[in-house]
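Same chain, two partners: chain A is paired with chain B first, then with chain C.
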Partner chain A sequence: MAELKANNRNNTVPLGKEKKPNKVLGFLNSKKVVPYVFVLPFIVSFAVLTLYPTIQAIIMSFQRILPGQIEFIGLQNYQRILNPAFYKALTNSTVYMLLTVLILVTIPIILAILLDSKLVRFKTFFRSALFIPALTSIVVAGVIFRLVSGESEFAVLNQIIGFFGFEPISWQFNAWSGMLLMVFMASWRWMGVNVLYFLAGLQSIPKELYESAEMDGANMFHKFRHVTLPFLKPIIIFVTTISIIGGFRVFEESYVIWEGNSPGNIGLTLVGLLYQQGIQQNDMGFGAAIGVVLLLLIFIVSIIYLLLTGAFKRGDE
Partner chain B sequence: MNRKGLSIFSALLLSLVLVLSACSGGGNSSEPATTSDDTKTAGEDIENATELSFWTFAGTHADFYVNAAERWNEQHKDKPIKLKVENYPFDQMHNNLLMALQSGSGAPDLVDIELAKFPNFLKGDIQLEPLNDLIEPELDKFTERINIYQKDGNFYGAPTHLGASVVYYNTEIMDQAGVDIDSIITWDDYVEAGKKVVEATGKPMTTIATNWYGIWPYVAQRGSDFFDENGKITLDSEKNIETLEFINDMVNKHKIAELTPGGNYHTEEFYGAMNQGSQASLVIPMYYMKDFTTYMPDLKGKMQIRPMPKWSDSDYQSVTMGGTGTAVTNQSEHVELAKEFLYFAKLSKEGNIQLWKELGFDPPRWDVWEDPQMREDNVFYQYFHDDIFDILLDIRENIAPIQLNEFTPDILTEIDSNVMHSVLREQNLTPEEALKQSADTVRQKAGE
Partner chain C sequence: MKKNTTLTKWIVNIFFVVVSLIALFPLLSLIISSFRPSSELMRNGITFSINWSELSLYNYIHIFTQSPAYWEWYGNSLIISTLTIVLSLFFSSMVGYAMALYDFKGRNFLFLCVLVIIMIPFEVLMLPLYQLMINVNLINTYTGVMLPLIVAPTAVFFFRQYAMGLPAELMDAARIDGCTEYGIYFKIMAPLMLPSFSAMAILQGLNSWNNFLWPLLVIRSNDLFTLPIGLATLLTPYGNNYDTLIAGSVMTIIPIIVLFIFFQRYFVAGLASGSVKG
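The block that comes next holds the complex of A and B.
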């Protein structure tokens, strides 16, 4: 520490001698301040784009908001939340979250291992190809998905199942198939991103470990179970956490397929309900209340998950 | 390909996708765009023309207003306007307008607001300008339709059409089944005719939309509605339950009706099927003529328009459905000019005649229905038949109105997402159960 300080002094003093000391720059450049300068852009954007809206949303959730008439109505918005539409949205979002977490964690691990192994050729191509959906506009993707899953017997999906002798299905009108479409679309979209996370994780595993495992007579499965997985654990925790959050926040997948109201609310998600009530039906106070409940829900679920996986513990174990 | 070449290829592919998705970003309706993709301007080259902005969600409407502005500029050399009509996707336009009116800035001078969304804009301190001075002097010339965009005696929207619901019969199929469409007087006749059609052709008599178009016209035609005159929710009234039971019977008991492909009458699936002659008739407002001529060219000369069959307990032969109210916002800097132009374009006699000529809409002013200009040949007469307005004049006294209310959007959402789906498609709720459940949900919100 003392050395550092000495260095610091040595560095700054000659500078000050050459030019006139600029107090502001000197202050900004000091070791205590400079980290804050670097994180400032994030702090500012967080405060303006996240913190302020969050606080505002909490305030709005206690208000009835109409043009020119904003009044506090206490807990009325929260008392109205527990209605059938909310339960439906909660169920849909939860099922969607569980399915996407399951699919978007397990399959990317396998794909990443395949892409990392020596057996697969054209790796760079596959890596890019898997990543492309994440860059595609969700609206464009939605239009294509809607056409593919149309209810006519000539729509692509129905042609495929027709080939195997099944009757055409009204994909966008049944609860199970509606969920299937949403989950499929999300999996298609985020698969490549998660593969990248796991690839990065795989690259950090020392090759010697595999070699010594082989010497001890470990087979493929053993290596995966006792070398790869433990090293991937932090990545798995990270990917699962963002998938939980993303799962509860699902909106676009539903919106682009049904454009608003889905039949029987089969595609209604919590954010969809927020949008429908808050914006489409001009009841922003109620929408804000749904948002606050969603915020708490995501917070609680994520904390429980992180506690269970020991992510808060220091060190490896 | 070697490794390096492959990397370059992949990088190129990635950047291509990036560029493409950036191009498509403008149409991304989940992000509110500040500018519209589709803007049309009239009077651009006129010096010191007053600029007025206009938002709409229908491309055909945009053309209509641009044409109107050009006629205005010819007739009003002293106060020319430069009309900038921006066309946005439906949901996006209404959401942007709500935000603009809520926050007090960014709204256009004039705007088209769809019927089912209109009540959202009549809450709180109303941010639209009353149009009473334009409408009241000629109130007796307007059909009852003018009243749906009013609150507390103030008129806020200029109607686009009457929207009288009728039945479009496909005569090719009806002839094949040996049914004379003029013999269909009551809904019971309609069901009987439907049985013949199904038996002879294997095609359904009609298809029922699983949104509110599948119930509201039938309910209102019986003289019932979702609200009574005091604004109390009557969604689950005896008459409404009976009506939904009748519709359910058409689909699930008599099997003369199917569910509309695509779920409603404005989808590609439905246009395609209807054009191929997949159903014998269609219950929908007059304004749908434009859809026929645009999307269903193969049915030209085959379609006949008739009033709706009657219920035994009501004299109504039609009901006004759908619609768009054009409003002037209080953020306009030229309220008076905007109102004058609105009168010229949509409320005046000439404007109403243009609504028919250009858009095929049944004009909301009934005093133009007999005007000789209305009888001039056009694409709609060629597609259908000559006596379209004679039919309207015949049933003029028997067109049912509808009740709009602050909670109409909630009721329509319930119908779209719960009632029709569970009763007609899933059949897991009876009409009574479904309507009661939805009525209670909205009652809870309304605090009744």
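The block that comes next holds the complex of A and C.
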């Protein structure tokens, strides 16, 4: 098919050439050149905005960068990384990643399966309701979550735990509750989007499969285990992978709660540390080294995950 | 058996009503709170109980009459988002189209590059890009804020997928009629890609409207702040600006929600194309 198309196009080239006496225009309009004109913006932006900064980030991570004075200092930036603030940031980002992956994969699957079933009426309304939080900016989400987590016993979160008989908590000043706030915020914003992904996956499952499973006497659980899950697997892998990457990249959730200065670094994340060192302290070499470590971390964890789930294997389904 | 399913239906539907309420509660409570006095909001935060007698339009009157800075931010956000949508749709669609419908050397490699950009976290590139912006004097400019969003890899990816489904025969027919390759794109193929333009306009518009980390680095002067950056400066523990902050927050999301209600289909397509935590 592809060959056929290519042939068709080649046949038309002489026709196009006949009509173009102007050589420059003819050159710009030739089928060899046109695609490159179209993709030129991408080539330029890839070179300037991705390739160059990636290489530059690696180079910078071996440098001490002072205004007007740059020197190579070998691995010193990487040696400096091994300090308590970094461990704190690493732990926070990792815990955040694990919690958001757990919440933002399992709950959306359940919600999507229920929404896809014949049980629910007003599907569009429920789907929209879940989706609307994704439209809010992180700053507006921050305003809301700061206000619901106020110290006063009348603030929403304290009212809720008060209902179960607990004393009011200073949500923004405890390590565990601060983490929960960030996780709640992310879960609230991204739940609906993940539900959409799973809904799209569910709609691709042929209905006959359920019918034939029913004829074989499968119950709800069997159908879920042997029909739904295998079909959803690629989507589950996709959503989990982007959640792992997004989890390690956490910064804004923390910034809008504590403006970058959380008490006892309870909200310090890897990107937060990068921002603090690279931008606020203007220690760009050190910041770049944190970035490189973050990049490696994300690559290694994603690849291990993909290997474990067999995503690289071909033709097994 | 019949009774059983009716009961299950009730349980599941009530469950979804509760879930929807939880999802919508934060925004609804913010809207209600925007009518409360900011001092009270500062003291107690968002509460379940509403004291109807204290609700007033004060915060909104304040923001319309006393907060010229807020409207400057609004203007900046509108300009930056509009320009980002126009430029990024123009460039990303051409790239995606060419990758889908032309055979040329390096096509697969370029597509691989698209995927690589999607994979690399922006935060890692942030410092060198920031340095670059300083060196080329784009710090504190609209251009500097928009630049990383102009050729958006997710948009390129989406346009490519969409263009793959277009009939390539049309291109040949147009060539026989003497249309130039660029004419083919702008007159014939781009109009066919219209639904994908709508979805990507929403994705790019939302990304730009809500963009936080990059503008935080690039913009330095108050009069160039975008809405998220401006509002974030009001997020202090002292709460001295809560009147502008709360009413201002509500007014940044209302236009988006109105657009969502009208163009729901395109929102869903746009966001599902992979903007998670972007």
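Throughout what follows, the second predicted complex is superposed on the first by the 272 of 317 C-alpha atoms of A that agree within 3 Å, B and C clash if a C-alpha of one lies under 4 Å from a C-alpha of the other, contacts with A are read in each partner's own complex, and residues count from 1 in each chain.
The rule we apply is simple: contacts are C-beta pairs under 8 Å (C-beta built on N, C-alpha and C of every residue); 3 or more make two chains touch, one makes a residue touch a chain.
What you see is a predicted model; the values in this text were computed from it and never measured.
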{"item": "Contacts of A:263 with chain B and chain C, given as first, second, both or neither", "value": "first"}
{"item": "Which of chain B and chain C A:68 touches, first, second, both or neither", "value": "first"}
{"item": "First, second, both or neither for A:91, with chain B first and chain C second", "value": "neither"}
{"item": "Which of chain B and chain C A:106 touches, first, second, both or neither", "value": "neither"}
{"item": "Residue contacts with chain A in the superposition, chain B compared against chain C", "value": "C"}
{"item": "Which of chain B and chain C A:136 touches, first, second, both or neither", "value": "both"}
{"item": "First, second, both or neither for A:148, with chain B first and chain C second", "value": "second"}
{"item": "Which superposed partner A:279 touches (first chain B, second chain C, both, neither)", "value": "both"}
{"item": "Which superposed partner A:83 touches (first chain B, second chain C, both, neither)", "value": "first"}
{"item": "Contacts of A:128 with chain B and chain C, given as first, second, both or neither", "value": "both"}
{"item": "Chain A positions touched by chain B in one structure and by chain C in the second", "value": "122, 124-125, 128-129, 131-132, 135-140, 150-152, 251-252, 255-256, 259, 279, 284"}
{"item": "Chain A - residues contacting chain C, complex", "value": "2, 5-6, 8-9, 12, 15-16, 19, 29, 31-32, 34-36, 38-39, 41-43, 45-46, 48-50, 52-54, 56-57, 60, 111, 114-115, 117, 119-122, 124-126, 128-152, 154-156, 159, 186, 188, 190-194, 196-197, 200, 239, 242-243, 245-246, 248-249, 251-252, 255-256, 259, 271, 274-275, 278-279, 284, 287-288, 291-292, 294-295, 298"}
{"item": "Contact footprint of chain A on chain C as seen in their complex", "value": "5, 8-9, 12-13, 15-16, 19-20, 23-24, 26-27, 29-30, 33, 41, 43-49, 91, 94-95, 97-99, 102-104, 107, 110, 113-114, 116-117, 119-121, 123-132, 147-148, 150-151, 156, 168-169, 171-172, 175-176, 178, 180-182, 185, 206, 209-210, 212-213, 217, 227-228, 231-232, 235-236, 245-246, 249, 252-253, 256-257, 260, 264, 267-268, 271-272, 274-277"}
{"item": "Of all residues in chain B, those that touch chain A in their complex", "value": "1, 3, 6-7, 9-11, 13-14, 17-18, 20-21, 24-25, 27-30, 91, 94-95, 98, 101-102, 120-121, 123-127, 210-211, 261-263, 269, 272-273, 409-410, 413, 416-418, 420-422, 425-426, 437, 441, 444-445"}
{"item": "Of chain A, residues touching chain B in the complex", "value": "65-69, 80, 83-85, 122, 124-125, 127-129, 131-132, 135-140, 150-152, 172-173, 251-252, 255-256, 259-265, 268, 276, 279-282, 284"}
